[in-house]
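Per-chain residue numbering starts at 1, and chain names A, B and C are given in the order in which the chains are listed.
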Amino acid sequence: MNVDLTAPQSKRESDPPVVARPGLALSAIPTKREMPSRATPVSEVAFEVSDLCCWFGQHQAVYDLSLRIPAKAVTAIIGPSGCGKSTFLRCLNRMHELVRGSRLSGQIRLFGEDIYGPRVDATLVRRRVGMVFQKSNPFPTMSVGDNVTVGLRLNGVRDRRVREEWMERALRMAALWDEVKDHLDRPGTSLSGGQQQRLCIARALAVQPEVLLMDEPASALDPIATTKIEELIQELKRDYTIVIVTHNMQQAARCSDYTAFFYLGRLVEYDKTEKVFTNPSNKQTEDYVTGRFG
Amino acid sequence: MADILTTVPSNLVETRLAPPSRVGDRLFRWVALAMGLSVGILIVLVGVTLGRGASSSLHHFGFGFLTGSTWDPVQENFGALPFVYGTLVSSLIGLLIAVPLSIGTAVFLTELAPPRLRQPVVSVIEMLAAVPSVIFGLWGIFVLVPWLRVHVFPLLQKLFGFLPLFQGPNYGVSMLAAGVILAIMILPIITSVSREILRSVPDLQREAAYGLGATRWEVTRIAVLSYAKRGLFGAVVLGLGRALGETMAVTMLIGNRPEISASLLAPGYTLASVIANEFSEATSDLYLSALFEIGLVLFGVTILTNILAQLLIASTAAPKVGRAVQ
Amino acid sequence: MNTSATYQTWRKAKNLIMSALSLACAVAVIAPLGLILFYLIKAGAGAIDWHFLTQLPKPVGETGGGMSNAIVGTLTLLALASILGVPVGVLGGVYLSEYGGERTNWWIRFGADVLNGVPSIVWGIVAYALVVVPMKGFSTYAGGVALGLMMIPLIIRTTEEVLLLVPNGYREAALALGISRWKIIVRIVMKTALKGIVTGVLLAAGRVAGETAPLLFTAFGNRFWTHHLRDPIAALPLQIFTYAISPYDDWHRQAWAGALVLILVIFLINIGVRTLTRGRFSEVAK
């Protein structure tokens, strides 16, 4: 992909500094939303996040977040524990609001549509934005095949043949078909850890989302399974927008096209992955990616 | 791999998902809420039903219902004192017998028993809890009462006959017999709740006492039992609540005579028993209403005891912060 | 501090005495069950035969006959009670686990515990006022209502407990697929916890199967087969009670037999439930 996105964050001297927390030395400061550049038609932007703030009760987890996530690319979100990356991810598919006492402000647009608009049904948003979790969770009472099609079945797709075709398709997309095609009736939990995670990916893909969010998808897997997942991500990005949260920097460097570095609830730096890891603009980013803290 | 992603069969492109069922969600939630609120509705329902049924008796006898000691269906003169007396005394006897045994067993299970022995004993106690009341009564009539009448009561009369408690004719069916069977029936609940209470005592308390060189019994007495006092009292009150409401076994063993007697060997009558025996044969409206009122009294008393018990148990469950061992 | 040797020996002796006493308590607590089972088997086993299980009671005074109608009656009453108790109880438990604010739930749980402590005979009175009076007669319906009302608070608590054990990850995964909330609860959460829910229902059924008091003036008992649900019906505990307090030896013998059948059924349910739960836990834990 060759989109030359004007970086959502640029060093413009005229921008006022964001109030910094004591102790943080922010050199370059993330700015507010840019004017869309002619090189970036809106349809190529999957998510446009504007001034997003999130709270859990009284505790604020995300501060004034603005960025644009490009479509059909892999965007990684990195940062130390507790920096708000998972919280942010869950705002993208309206899962954050399910936590008791949670709040958010700001705006998130999915391909131009405000997903928190007054008449928007969260369930519909979640069908367009799929999610894969850290701990793979295939439903225990269902077979492998049923697990894949559960999103279709419980969302009203009655035609069995259509479901079966989607099942094969989704399993192929998740690079799992060959391994399970003779075992579709076995319980979903009978697969290995890595296979279960790919099963969850197939399950998410079967509902035809436009975006796939992944919250540390390989952190519970062994290196071989992890590699398989990372290869899968590279394949999937041709058709899906992928946003992946990871605490594994090397994984972000390997897999993603764009990387966002979060720290203590703020976006510190967001740029092409290569730049973030080899020549970051922000000292904090540099400290993190070189392992000086985290 | 490329093929599968770029060439989508036409029938799949159009796969539509049904719109999310907002109505279904709301309906389901309301139905579930209604079912959850049914507990409140039921409590009110029981109270109102009993109150309405008892209204003419309440009207007629007023407060004197509880103090009147004559129960005369023929003259329509209804006083519930014999039943209140019988319920209280039989339950008290049951508690006196059961509480030391239950708490002792709970101590045994939590502090002293080897782990392998615990599960079988616990299983036995759970099985005892599952035995229906009528079977206790059956066994009571044909096994317990004859044994008491032939072996135990004469002994009591010989040893303690100077007390009015053990005077009078020895029928077997008596307040004391009912008390014994009640004791057996409430053993499981007092034991299991006490055990939970004792288990919730933090090990820190025990370790502190051991650290001072206390023997096992001393540790139990100082660090465990006194800490759990309130909860254990709650377990006892819970057992009391059960005993107050017990019907069948008591009815079969107590003799069913509406008289207040000083002797424990004399027959008695309880609130639950009079309802069991006479409800379906009540000949007049006032008679039935009086029985409804007895039901109301029983309901009120058992609810209050249960609430008290829950509060006591809950107060031990909340851990007390950092109390030094005295 | 008294450190004399005699005091130390006394402390050790006291420790030993108390240990022995508490052991004695445990023995005293489990002894009654042994005694009861012993007599049940001794007096009842001989009387259980094919006649007993298949025949109707003989008229008063005649020997022989059986409790077939009482056994069927108990099963019928349990079925009716479940029709009332299971939907209300299970859905109530669903509310506590899946919806509900903290305060509401506290009150509901408290109410359920209060209801569990209501004496069973009071439920009989309530069913009498609600069913027998309007229908102007004792009936199977009345007995079913009495037992069903007793089952509700039991099933609410067991269902809630079991649903809370379902890991939240499943709910999240289903939500992320854009599935409607109620479908998630019914088709995924409840399905995962199904064995546990059934266990709770069976336990509640076992509890009310042995109840006599609520049936005394609702189902009332019947010497013959009941052909309509609006007629009185025999039940095992009722029959045991009637026979036990009667003056006839043969009826006493049959009471023991009936009691043995009843206790066997209840123990079977409890044991069956325990084996079900053991298998279930290993699955959900994955």
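Heads up, the rule we're going with is that a contact is a pair of C-beta atoms (placed from the backbone, for glycine too) under 8 Å apart; a residue touches a chain by one contact, two chains touch by 3 or more.
Bear in mind that the values here come from a model prediction, so they are computed numbers and not experimental data.
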{"item": "Chain occupying the most central position, where position means C-alpha average", "value": "C"}
{"item": "Maximum inter-chain contact count - chain pair", "value": "B-C"}
{"item": "Identity of the chain that, by mean CA position, is farthest from chain B", "value": "A"}
{"item": "Averaged-CA centre spacing for the pair chain C and chain B, given as whole angstrom", "value": "15"}
{"item": "Averaged-CA centre spacing for the pair chain C and chain A, given as whole angstrom", "value": "50"}
{"item": "Computed distance of Cα centres, chain B from chain A, in Å", "value": "55"}
{"item": "Shared interface positions of chain C, touching two or more other chains", "value": "178, 180, 183"}
{"item": "Junction residues of chain A - those touching two or more other chains", "value": "123-124, 127, 155, 207"}
{"item": "Contacts with two or more other chains, residues of chain B listed in rising order", "value": "17, 20, 22"}
{"item": "List of chain B residues in touch with chain A within their complex", "value": "1, 4-5, 9, 11-12, 15-20, 22"}
{"item": "Footprint of chain C on chain A - complex, ascending", "value": "93, 95, 98, 123-128, 130-131, 133, 135, 137, 139-141, 150-151, 154-155, 189, 200, 203-204, 207"}
{"item": "Contact footprint of chain B on chain C as seen in their complex", "value": "11-12, 14-15, 18-19, 21-26, 28-30, 32-33, 35-36, 39-40, 43, 87-92, 94-96, 98-100, 104, 107-108, 110-115, 117-126, 128-130, 138, 149, 152-153, 156, 178, 180-183, 185-186, 206-207, 209-213, 216-217, 220, 237, 240-241, 244-245, 252, 255-256, 259, 262-263, 266-267, 270"}
{"item": "List of chain B residues in touch with chain C within their complex", "value": "17, 20-22, 24-25, 27-29, 31-33, 35-40, 42-43, 45-46, 49-50, 52-53, 100-105, 107-109, 111-113, 121, 124-128, 130-139, 141-143, 184, 187, 191, 215-218, 220, 241-242, 244-248, 252, 272, 275-276, 279-280, 291-292, 295, 298-299, 302-303, 305-307, 310"}
{"item": "Residues of chain A touching chain B in the complex", "value": "121, 123-124, 127, 152, 155-157, 162, 165-166, 169, 172-173, 175, 207-208, 235, 238-239"}
